[in-house]
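Shared chain: chain A. Partners: chain B in the first complex, chain C in the second.
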Partner chain A sequence: MRRRSSLPATFLVPTLAILLVLSMVPTLYAIVIALQNRELSTPGYSWVWFSNFADLFTDRRFLNAVWVSVKWEIVTVVATMVVAIGLGVLMFEVASSRMRNVYCLLFIIPVLLPRVSAAFVWKFAYHPLYGIATYPYRLITGGLIFDPLSKPGTALFAVASVDVWQWGLFFAVIVLKLLETLPPQPIEAARLDHAKRWQIHAYVTLPMLKAPLISLMFVKMIESLRSFDLIYVMTRGGPGVATETLDMYAFSQGFIESGKVSYASAMAVLMMIATVITFTMLWKRVQA
Partner chain B sequence: MSAIVCSHVDKAYGATSVIRDLNLAIEEHEFVVFLGPSGCGKSTLLRMLAGLEDISGGEVSIGGKVVNDLDPGDRGIAMVFQNYALYPHMTIFDNVAFGLKRQKVPAAEIKKRVEAVAKTLGLEPYLGRKPTELSGGQQQRVAIARAMIKTPKVFLFDEPLSNLDAKLRNHMRVEIARLHQSLKTTTVYVTHDQLEAMTLADRIVLLKDGVIEQIGSPAEIYRRPGNQFVAGFIGTPNMNFIDAMVARKGDGWTLTGAGTLLSLEGSDFYLQHGDRVVLGIRPPDLKTAEAGAANLLQGTADLIEFHGNDALVTFGSGGKEISALVPARECPEQSAPVRYSFEEQSIHLFDAESGRSLRKQ
Partner chain C sequence: MKQYRMRPGRLIAKAVLALAGFLAVFPLVWTALNALKNNVDIITRVPKVIFTPTLANIGYILGRDSVLTGLYNSIVACGSAVLIGIVLGLPAAYAVARYPNRFAGDIQFFVLSLRFLPPVAVAIPLMVIWLQVGLYDTLPALIVTYSLLTISVIMWLAIPAFQGVPKEIEEAAFVDGYGAYSVFWRIALPVAARSLIGAIAFSFVLVWNEFLIALMLSSSNAKTLPIVASELSQQGMNVPWGILNASVVLLSLPPLLFLGILSGFLNSVFRQKNN
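Showing the complex of A and B:
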């Protein structure tokens, strides 16, 4: 018995040890720094305990960043799922199996692009004078200028559209494949039960796919937390602070504007705690 | 008026033809069974009636209305699937009520009707449960309830009992028969199980390769098979077939084959001197021969299958395996010589070329 039980440990311990070092050391170090007043400009520091956290809650720019992050999360997750389910169902309904393969291939390409490349491509596409995405507006209005990335009202949505372009299309492929795995008989039974096309999906197929769809949504929620690269390339948090998410603000506090590493760390720690709590609650809720 | 009429119906997938020029009329209140081996097109035909498969050619009408281009929901039919096809995420109540909800029937009426149907089928205790919490038989009963509640003009059953174990299958078969007796709804039932077909059907439609081989009551099909395929397909154990040559002899005929010489009066059959025919005889029609009996089939018993009341004796005769179903007490020893005879009324003769029955109508 003893020999048996030592085998899993032999395999697990080295892996877990590496993982522990890689993940826990930076985390713990971030927590430690967050309790000090380190700045990049001077080597000296002292312990200030929770004053960084206290300062954060009176920092209007931080509160704005929280709100932007929440908006970003909701907009990207909802839009991705809507696009994924909409396109997936549409492909399932109208495309022949050969065309489905073609669409799937096309829809996977965006997510294969590195985020930074995608961001640059779309930054050009949204260019007010030369961009292809703003071209229809210029054409209709006879040359008026529309610059979605530099308007506070549209900037977040313009950046979010790139995220949805990458992930919504990819998830559409997954939704299509999920629909294809369903047994055809309940769908046929629903057709005999007077269900219209959209009702079949609303009442039969999508509820049957509830568990995988929720998993997909969780994946997207976690993925959406990492918005930094897109926003950094496309707007740098601007115009003003309109697209400044928490990670963007932490980065600019830590490395660009003031070099207040401890202040930035406090933000990161807070974000981590909030994320853990939110996801635990959501997960519990879904399980119930 | 006929409940269902198929005229010149064709079905093809690309170049592969599945059903060819099929004509069939099903009367109101009739219980019709589509029977045939796998791949004969019986399920496809049923799904074409249901509207789940396109009709490549010809016309299908249900209740006097051509339904070729109607949606499945608008055809006045209800279908029960082999694997139940329940909605797994809904309770039994919601499963049964789904069709009525889509038709915007008031909630109070839905409740009343679901409860009534559940009572008929003994599903009342399960209405709040999910399909996975029910046994196979109960699930199939839910599927039947879901079909019944729509009060359709026609019930379609697609091998509804194939997923159940033998005992439950017998039980459900009786339930379906009772249900049809009380509801009198026109029913089309697809199966490959001839026992189901024989016991349930008013008429059997026997299909092979997308073509109707014979239509008739179970007794007709069993007693007067129209061709060699039908004769071989219907009846357990299978009919024995013996190739034979016909010769005229006085007023009667002789058949030579399988190492025997049989003499017949032959008045029931169209026979001609020199015909090559296939003689068909069902195993239960072979009797242990008394001394001096005519029309003997003999050989040595090489396989004996004990069934309880009866035993199936298989023996070689003239290079041909022949089976006889005899009462168990007359069962011979293994490798013992056996002699069986038969009455002329119990034989079937088929044309060796076309397989058609030579029986005079």
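Showing the complex of A and C:
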């Protein structure tokens, strides 16, 4: 009876058609713009084919942005997973079920905040003179000034800490829920063998959760690509170009500094190709 | 058990957790407190916990035309995009969940892969397109763009929700003479409602928090609340800290209203996995 219904066609076709149009039109148009020399200030344009791409590879600021983006991905993904697994295991070990519920609720709050809000909250907190996060340093050193957001060495980590604040705590909740789904027998068996607490997790529970933890890391890798809001509000890519990721550089080339829309689009197209290829390959591997 | 309680490792673990819980909410609480302070109480080298509260900042924020327009734009743009996401996303998800065909895996991957697209890569061409058709800086342009987000997210999350509906209930309805469409309307939708509401709330939070696309697609009329809030910080050297904090609080409230629904949604996802 189900087989002969017209339902799948009527429910699927319009939605998929709209999704295809909404995603393919901008994607293809991004490539078209990247092959031209459009600028915001002048209406005319001509085809320059691959010269935007050729320029990119000799643009030192672009190469810096690639490096900053790679650093950002590694720092945020690794730190998020470490925080998530650490806190998840701690909750599983020492928190009563009532406290688990309280922590779960608290740990979800940061990730719900708009990134603009999270960025502002921490921008105040990191203020060298009046910030609440820099206050302990002022107190201990007797009023010395520490300005994490304007030092090239610390700025990226200061912004990344906000990302980890949002995602690490949220993923800790998920790690806890994953641990709760495990059958108790292997843990009991390890305990009978006098395994220490940390050994149980290192050798029994976490290896059992390998697949979902890898999926979780995959999600974080995708979400880490959306760093723009945090960086735009907190540092604008500064100091200098220390926190200028690819999307920040594309935005400033296209809109703030020169209005070179085509140049920015070429950058965006490269990003798109790199991420689509990487994540498609990773996804196929995760699924296999 | 008593032996465990005495161990210092356990105490340290509890202290670390308590510290993490504190760090999760304290920055936000502090921001809310600052929103109630006069500027002199904020600009102090030693943070002030005791102060005379003022409603001036919140009053200023709620009295600004730009903030009210931003609030209106955010509500209309996000509300419409979520509605479109519901109307188009839920039926499609149901079709994938209940009428498996050989493309089901590819469809799911396609919907997920939309999330791989860097927002800049979508925003730049869309800006040029909307400029050319004369819809740049309007709400319809923003709604259409956000619909891509809401449809794909609602669809992605609703597929497992529909798969969680026991097949037997639907089979029984078929036997009772229900058609395929009325099974969807009268059985699948109500039974899966709780998870579906979670998925919808999630998509709302996602577009409410969206920043980059809104920044690129609006210049004056269609600015959403996050854009307006970010602009308040650029008013010269004299940063109005209290006002800024109040705007952060206003911007953060709507997503936090969904805290209960979303944590319930999370629980139901893992309960399904357990069974």
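Rule of thumb we're sticking to: the second predicted complex is superposed on the first by the 275 of 288 C-alpha atoms of A that agree within 3 Å, B and C clash if a C-alpha of one lies under 4 Å from a C-alpha of the other, contacts with A are read in each partner's own complex, and residues count from 1 in each chain.
Basically, a contact is a pair of C-beta atoms (placed from the backbone, for glycine too) under 8 Å apart; a residue touches a chain by one contact, two chains touch by 3 or more.
Quick caveat, the model's predicted, so the values are computed rather than measured.
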Superposed partners chain B and chain C on chain A - clash or fit: fit
Which superposed partner A:56 touches (first chain B, second chain C, both, neither): neither
Which superposed partner A:191 touches (first chain B, second chain C, both, neither): first
Following superposition on chain A: angle at chain A, chain B versus chain C, Cα, nearest 10°: 80
Partner chain in contact with A:81 - chain B first, chain C second, else both or neither: neither
Chain C versus chain B, contacts on chain A by residue: C
First, second, both or neither for A:105, with chain B first and chain C second: second
Touching partner for A:8 - first (chain B), second (chain C), both, neither: second
Contacts of A:204 with chain B and chain C, given as first, second, both or neither: first
Touching partner for A:68 - first (chain B), second (chain C), both, neither: neither
After fitting on chain A: smallest Cα gap, chain B-chain C, Å: 6
On chain A, positions contacted by chain B and by chain C: none
Chain A-touching residues of chain B, taken from the complex the two chains share: 50-52, 71-74, 77-79, 81, 83-90, 98-99, 102-103, 146, 150
Chain A residues touching chain C - in the complex, by the definition given at the top: 1-2, 5-8, 10-12, 14-16, 18-19, 22-23, 25-27, 29-30, 32-33, 38, 87, 90-91, 93-95, 99, 102-110, 112-117, 120-122, 124-125, 129-130, 132-133, 135, 138, 143, 165, 169, 172-174, 177-178, 180-181, 197, 222, 225-226, 228-229, 232-233, 246-247, 250-251, 254-255, 261, 264-265, 267-269, 271-272, 275-276, 279-280, 283
Residue numbers on chain C that touch chain A, as the complex places them: 9-10, 13-14, 16-17, 20-21, 23-25, 27-28, 30-31, 34, 42-47, 88-89, 91-92, 94-96, 98-99, 101, 107, 109-122, 124-129, 144-145, 147-148, 151-152, 155, 174, 179-181, 184, 205, 208-209, 211-212, 215-216, 226, 229-230, 233, 241, 244-245, 248, 251-252, 255-256, 258-259, 262-263, 266-267, 270, 273-274
Contacting residues of chain A [partner chain B, same complex]: 183, 185-186, 188-196, 199, 203-204, 207-208, 210
